[in-house]
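For clarity, chains are labelled A, B, C and D in written order, and residue numbers in each chain start from 1.
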Amino acid sequence: MKDIFITEDQLDAKACTEAVTYPGAGGLVVFIGTVRNLTKGRSVKHLEFEAYEPMALKEMAKIANEATNKWGLHKMVIHHRLGLVPIEEEAVVIACSSAHRKEAFEACEYAIDTLKETVPIWKKEVFEDGEVWVSAHP
Amino acid sequence: MKDIFITEDQLDAKACTEAVTYPGAGGLVVFIGTVRNLTKGRSVKHLEFEAYEPMALKEMAKIANEATNKWGLHKMVIHHRLGLVPIEEEAVVIACSSAHRKEAFEACEYAIDTLKETVPIWKKEVFEDGEVWVSAHP
Amino acid sequence: MEIQIIAFGIAKDIINGKKVTLSLTDEHTVGEARRKLSSEFPDFSKLASLKFAVNANYVEDNHLLTADDEVVLIPPVSGG
Amino acid sequence: MEIQIIAFGIAKDIINGKKVTLSLTDEHTVGEARRKLSSEFPDFSKLASLKFAVNANYVEDNHLLTADDEVVLIPPVSGG
């Protein structure tokens, strides 16, 4: 399994978790971003994701490397989905493991926070009566 | 599936994750405590867990309720394994979900920190040449 | 008053069994049970902590015991 | 110098397509490209931010462009 991965297929959080498991692990932390059915009270039909893929993979790998070094992780896996993602399905999975749990929690939260700031992936919310590129406008 | 659960069987992190998924979720955070092969440089064969079960379930439910209220979670699930647990297998799974990810991270970390302080479960590390009740002595 | 106390974890090793019976003659509190237990089994003083649960709730030393209570020794927990 | 710029997300909607070609006549920098783009497509000024990537790296406005560069518009990202 690839550690850094972008796909139009459903994500597999279980495989991501297994990929970071190792005999020396004291804690695994997994973040799963799922598609929410409401945004500002408005009902969302589904999301559509697109990416500038080579750069997105590069920025995702940068996050995983930085987090692994900074928190002394065993490993971090980041998988992101593209295309149409229905409500409740996973848009992103970040899994990491380390000897101690505090580091794994901090690293996982850092990774999703940073992904949302730096990785060139864009999400369009599709409503019954229109669509909006998320965060595009102030 | 029970939200608060103690079992001698293998834990199912995937089922725990699915149990907290809901259409309004913005983030799911899952903590998995696995059995480490080394403690203070000494090689561990496996762990053995025992619990004062009625009270352990009550204290686990208390943690889940407190976390759910304090961080406005949708739901928290806590499953703990008892008996002999081999290296790399899950001893505990805590999964939670909320509309926003920051709350889910904080609540999940609070839950495992508190579980390790208040829930009457005891872990014995079994070595080739002896065994030790973890944390018993200063 | 006779009180039966249930042990878990290292407390089982210290009393060399699952249960121990104590005779409370003074104020019938958890504190009295703790003192009797420590004098009978000095190894309890080596533990990082020793809590008592009565009917599945943590209690303090001033808690009054009755003969029907389920009294459980809680040495340092180590779940997770 | 002619520079082809690739658009993603809302930037595609603003230029009404996947690519746009700009003529750089002054210092051939990202800053010049940004100014030309904003004057041709005023809607870019409404975005919360607009970054440029050259050959899959974020660059600043003083970055010099060459004709072979892969230049990509990065409107506010929203992955995760």
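List of remarks:
To be clear about the criterion, a residue touches a chain if its C-beta (ideal position, glycine included) is under 8 Å from a C-beta of that chain, and two chains touch if they have at least 3 such contacts.
Computed from a prediction, not measured in an experiment: that's the story for all the values here.
Between subunit A and subunit C, the least number of touch steps comes to 2.
When every chain is reduced to the mean of its CA atoms, the largest separation from subunit B belongs to D.
Our note on geometry: subunit C versus subunit D, Cα centroid distance of 72 Å, whole angstroms.
One simple way to say how far apart two chains are is to compare their mean CA positions; for subunit A and subunit D this gives 26 Å. Averaged C-alpha coordinates give centres for subunit B and subunit D that are 48 Å from one another.
Not a single residue position of subunit C touches two or more of the other chains. Touching two or more other chains at once are residues 33, 112 of subunit A.
Every pair of chains meeting the contact definition is listed here: A-B, A-D, B-C.
Residue ranges on subunit A touching subunit B, taken from their complex, read 13-14, 17, 21-34, 36-38, 87-88, 97, 99, 101-102, 105, 108-109, 112. The residues of subunit C lying in touch with subunit B in their complex are 6, 8-10, 13, 46-48, 53, 56-58, 72, 74-80.
Remark: subunit B residues 33, 49-52, 54-56, 58, 80, 91-92, 112, 115-124, 133-138 touch subunit C in the complex.
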